[in-house]
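So that you can tell them apart, the chains are marked A, B, C and D in the order they are listed, and the count of residues begins at 1 in each.
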């Protein structure tokens, strides 16, 4: 299993049709190509129904978009960490702004990921919430102001103080956690700005998934990380 | 795609380890064997991460355990009907007592299943709720008293009035919907009792998944349906 | 306690500041005045923190806006039917589109209201959901298309087929339940149109609460009901 | 309005019948008597429907058990901070283990309380969650292991490491926040043990509400705080 590594690009496929079924596999292969060519860590987070097919098709890390805080048992309709891991996932997004969770659930999921030796990427809407998350010691925190998600207005340029404020507050609590930022990231310069503000990478969705040429954009992102 | 047909056995894999990963595929193959040998309709509902592998391995119908009431788009961590269908599902459980839903969500999901030409199996805790569900015109209603689920005490014998009452109330509203019962069903005679009470089959989980020999139990169920 | 009676006007105070604290009591007194002058049944649904003050100030029926499906016990932060009743409520709204509930919860709340001899007013977004609700035998069903709520575009004129369709579907299942409609009702003629479509009254919020002169509007509503 | 003060006893009435309606007022008066006699800060958190009556009857601080993260507007069935404040509350419990909230909601509620100059008492299940909460800068954190709530087994004696661990982790993040502990606290010696472990008081429910003589127990608690 590929270890999480900085700097990182995590591509969230959401439930976009452009990244569903066969198109999920195709997009993941493009991400893998970029990773191979640039040696930058690129992970993909497809929908659960596509996860095993994606994981079989590529060697880059594959994350789930959500897992439920359960043990094996009578939990119809829930998402079991063990199941997701067997299908090939090496981590999961947690608490994305489109799937926000109770505080106890986040704590529990970080523990479950740790027990299963999987990567926990906890999303947070602002710097205060990021600092709160930092106490739970996930592997990765991704700060994303919900109002910028999907807009193409990059958080790293439109709200640099949110990003730098997050880095500051998180580091007071946790020196080790990887910090990503997301929302509106759609060009290499947005990625470069994110790194300059003290993050170790980006969480991105529509900027890649909805792009006419996702490969080129991902490549641009990766190049911006190497500088 | 295999059409829903009465009488029916629907096997819910829940999040049992006995039905996760490779073991999900193995269990589905046993269900397929029973279906082929007896010509009884048997469907399986594996976890989402196992769904595509199961659907590729067998020709019997495969259902999701849950779907979210969304359209394609920015819904991280949600379950999209189109995604589940592409992965090979021909229907989904809705509102299982372990994943109960808001009323509007059930209505929406039944419509989404209809638009996607998929089978909607809506679960209900009692006869009143079953009658309410009947107005939404799903393909299948499965009545399951939550207090009997997983107990091995069969609803069809311990609470026959719940089953017959459900059949009566549902039929006042909806002549066509298939009615299943579930909870505690673990022997052929429980299945026979269920049919005698007016249902068209059973929804079953631990009675099969946790059985020492799931094939033999499923076969017993199917035989009870042919009588 | 004033019995529920047709035709009826139910005024939902929501969490509007115009109907919070002392202003809740003032608005309830205006509703009482209209009820006394016209002999039309008018009930008010203030916020919970205002409920006892409102119930002490007026003799018209006072409803809660929501109750939780619990028994007395260890349920911090929940709303207990017994508590609401002791504070003076004679009923509650259930499943308002701004507080939508799980199907089992609606069933449970209708039963809890019945056991406590309180009035259950279950809201529904469309005619199918209204028919589903009818099977649970509440005292009142209020159909409200969410997209019209707060718009001032009256459901009874903009979507008459939703109202008449609801009446038709509900009556197939339940002859006795009172049917209200709501959303956008803001003039007497909207109320008259609602009655002509087969309803027995209206559920109204901003049309009254946000009006410059709530008394005059409520009076107009009541007059429209007497014709 | 009485300012929050250490050490503190916060009595959560939950939805116990013993603390509903008139009995809520009676219990609050006993709490006030203890506070007056001992000069220890005692606050009560009655059900919302009882809040205004309690607040009118006593001069000790009255808290809500829950508030929703909303502004005034169209939020039927929700609990508005302004409404609760007008009814006499000077604060609220947030995220009690029986009413657990999403992370963003807790952050939002702490801000709403601050804007309304009300006291925020955020509950947490364990020391990690307590540390996370500390970053959000509420006025008070109350750590309560859910498995001990209502048992009469005092957290301060059965799980002293949870309490001292919470104090340690919270203080690394936040020097000012008041730390309470709760769960199973039923005797003065439990309170003394809690203070010795570094807390500034207790959150208590059944230990008082269900006691044969709540006054005597509260008095015992207060005396233990003065030593």
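Simple rule for what comes next: a residue touches a chain if its C-beta (ideal position, glycine included) is under 8 Å from a C-beta of that chain, and two chains touch if they have at least 3 such contacts.
All figures in this text were calculated on a predicted structure; none of them were measured in a lab.
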Legend entry - Label of the chain whose CA centroid is most distant from the centroid of chain B: D
Legend entry - Chain copies touching (chain A, chain B) - same or different residues, decided at half shared: same
Legend entry - CA centroid of chain A to CA centroid of chain D, Å: 37
Inset, instruction - Please work out the Cα centroid separation of chain B and chain D, and write it as a whole number of Å. - result: 45
Legend entry - For chain B, residues contacting two or more additional chains: 97
Inset, instruction - Select the category (line, ring, star, complete, other) that matches the graph of chains linked by touching. - result: ring
Inset, instruction - Could you list each pair of chains that touch one another? - result: A-B, A-D, B-C, C-D
Legend entry - Partner chain D, residues of chain C touching it in the complex: 12, 14-17, 20-22, 45, 47-53, 64-66, 70, 72-80, 82-84, 86-87, 89, 93, 96-99, 149-150, 205-206
Legend entry - List of chain A residues in touch with chain D within their complex: 95, 97, 100-104, 106-107, 124-126, 128-129, 131-137, 169, 172-173
